[in-house]
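Chain naming follows the written order as A, B and C, and within any one chain the residues start at number 1.
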Amino acid sequence: MPNSENINPTPRKRHPVTPKGLKWSLGTSLLIVIVLYILSVYQTTAFPNRVVDGFPIIFNFVVDDLWPPNWSYFDRVAMSLLETWNMALFSSTFAALIALPMSFLAASNINRNAYFYQFIRNFLNLLRTIPEIILAVLFVAVVGIGAVSGILALTVFSIGILAKLISETVEAVDPGPLEAIRASGGNVFQVISFGVMPQILPQYASYSLYVLEINVKASVVLGFVGAGGIGLILNQQLSLFNYDNVSTIIIVLFLTITIIDLISNRLRGRLE
Amino acid sequence: MIEFKNVSLKYPNGHQGLKNINLKINDGEFVVIVGMSGAGKSSLIRSINRMVTPTEGKILVDDQDIITFNEKKLRKLRTEVGMIFQSYNLVKRMSVLRNVLAGRLGHTGTIRSMLGLFPQKDIQFALDNLDRVSIHEKAYTRADQLSGGQQQRVSIARVLTQQPKVILADEPVASLDPPTSHKVMKDLKRVSREDNLTTIVNLHFIDMAQEYADRIIGLRDGEVVFDGPIDQVTEKTFEEIYGRPIKEDDLLGGDDD
Amino acid sequence: MNEKPIVSLRQARTNKSKFYLYTIVFILSAIYIIGLFTTPFSVSGSAASPLDTLRRIFIVPLTDMEYIVQFPVYIGYMIETVAIAYAGVTVATILAVPVAFLAARNVTKRYSYVGKALLNAIRAVPELIFAIIFVAAVGIGPYAGVLAISINSIGMLGKLYAEVIESIDQSNVDAIKASGGNRIQAMWYGVLPQVLPEFSSYSIYRFEIDVRASTVLGIVGAGGIGAPLILATYQRSWEDVGMILIVVVVFVSLIDLISGKIRKRLV
């Protein structure tokens, strides 16, 4: 703003627009962010110019390599895809059933025992720090190769997410009805089924569908460590460098996930 | 009979809710508790079904000290002492009938109630009680589609379905407009007369208290400063309870009929 | 006393609602029945006893000196993993802003669906697929991982940013325009102060997700701790799996803790 300097050419005392302390903390934060970025860039060799060069690759891949896919491979893909879907379906179902009681234990307005509540919270937090691939490796190690390990891994993985989301909903319910049921002599189960459940049912259904979406995507990874599903054939075809088969898998996967997301979003939109 | 013997209540944050309360409330009485907000009306009423627990003294309900009650006895007590709340406390997404049946929970097994398998006579009883507060035709409507006055009448029906001996009402009309307030209070008074229920109501409008009470208890700073039958109460009494002259705000007005 | 009719808890169903109910029940049971018949529920088990395997994963790495001394190796891999996530999310934060304005209803009006469709398409691709494509194009290494993470994060950040932009208070912008400010000034003083805290909060949240996502990328050669993980899995070297698990859990917990604190201060 050059004009303001003309109006007041010799300011006696500078009045900063931003107070000094705030300026300092903002400046320091920005500096930390930038320094960490520079360190990360050197560690990963992802320099900005290389990133700019890198992104058109996706475009070129879609235009040059993805088409034409090998349609004769479609049957095999469909089989694996069904397995992936089933794994996601069963794991989401189990997770929805197990996460519900856990989320009541992880809600401070139901579980009045502070220590037990904190224990369950910490347990769920711990569960959510384990990436799905490590869970899959663990279950493959114990149960062996196959869809069952995948289902178990995804179940544990989604319990962490689902129980957290539901317990937050439970903690946000209108406390009035719970008080009324307690006042009329209802026990904790009756408080839950009459006071809490009717209030959280739409969100419960919505979050379960959301977890189903996540599980379909997550189950792609599992096949790489032998836990079944479409990742298995993806890994095979990649190591054989059969890129036309890989592109068939990618196209089919993309369409399936898009359709599932679309349906699930519609259903969730109607639930709320 | 409900009896308070030297009851005091100090909250964990240091606030003194009740100070050395001594009271005797006889069966079938319709008692109104008045006082400014923060005078301890809510603490007093909620001590009777142990929604809050006094830190000193005894509360005898039918000669049993309820302060010593364990979880199981407490639930039994609460089935016999019904409660009506300022904000109705209905489950908004549930039908009126189910909300009324929530009053039967203390009498119904856990599994049965979770599956919604209420005995037919309970359902019939719930409908009869809705009839008594004249919103029978709304039984299958969702609770959130009712007006405030209708919701409060549903909660009266819920309390009746509990078949209590005592009704506690904590500011039952504070969220309602004057004409609706009078309708709700009339309903409450009528059903408690018909069933001969001991009823204890918190109100902060003095004209309402005078119109419906058999007996008035005045509280100030957690202490009983007045206790007497309605015919002894004058405007002067209220000025003593409130510790200041009566203002326009202390009157609800608006009873047209 | 006259007999009263039986009352139900529910109002009688109309034909239409009956039809809907039966259709839903039919579809759901069909989905589950197909699932039950097409999933191989057989459990092959492994040659080693499960208890011994669990001991090798959870106990040996923490008690045997031979393994404890190897922790720095995996910590190094984990630092690379975090670096991939950080570089990726920083690039994504910068690139998501223009895409988000493109996808915001109150900015591009009826053309916003173009940006929204683009973001939806990105989110329908699992990050592993992006990693596969980039590894095939630019070769093995963390550089491919950064590209995969950033494009994948743009999908989510763009959507969240667009929602923030759609919810801004227009009156601030109008006030600046009314006092003679131009479009850029309106953006700088009217829009940015409103959206910046939420943008940063979402980016930090996405960073948490990306740290987890980056642990996976190594299995297709896109850098990070996934590479030694898949190797250890193929070699049935459960002690190494255990060490990797511990390192990942500790790092992810610490990062969640710190970023949660920062996000709380931001909003």
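The rule is simple: a contact is a pair of C-beta atoms (placed from the backbone, for glycine too) under 8 Å apart; a residue touches a chain by one contact, two chains touch by 3 or more.
Here's who's who by UniProt: A, C = Phosphonate ABC transporter, permease protein PhnE; B = Phosphonate ABC transporter ATP-binding protein.
Quick caveat: nothing in here was measured; it's all calculated off a predicted structure.
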### Task
Look at all chain centres (mean of CA atoms) and spot the one farthest from the centre of chain B.
C
### Query
Counting C-beta pairs in contact, does A-C beat A-B or the other way around?
A-C
## Note on the structure
Taking each chain's mean CA coordinate, chain B and chain C are separated, in whole Å, by 50
### Task
Take the average of all CA coordinates in chain A, do the same for chain C, and state the distance between these two points in whole angstrom.
4
### Task
Could you grab the centroid distance between chain A and chain B? Build each centroid from C-alpha atoms only and quote it in angstrom.
47
### Message
Two or more other chains touching the same residue: where does that happen in chain B?
### Response
98
### Summary
Within the complex, chain B is touched by chain C residues 4, 6-11
### Query
Quick one: in the complex, what on chain A touches chain B?
174, 176-177, 179-187, 189-190, 193-195, 198-199, 201
### Summary
Contacts from chain B onto chain C in the complex sit at residues 95, 97-98, 101, 116, 118, 120, 123-124, 127, 140
### Query
Touching chain A in the complex: which residues of chain B?
49, 51, 75-79, 81-83, 85, 87-94, 98, 102-103, 105-106, 110, 113-114, 155, 158-159, 162
### Summary
In the complex, the residues of chain A that touch chain C are 33, 36-37, 39-41, 43-46, 48, 50-51, 54-55, 57-58, 60-61, 82-83, 85-87, 89-90, 93, 125-126, 129-134, 137-138, 140-148, 151, 217-218, 220-221, 224-226, 228, 231, 234, 238, 243, 246, 250, 253-254, 257-258, 261
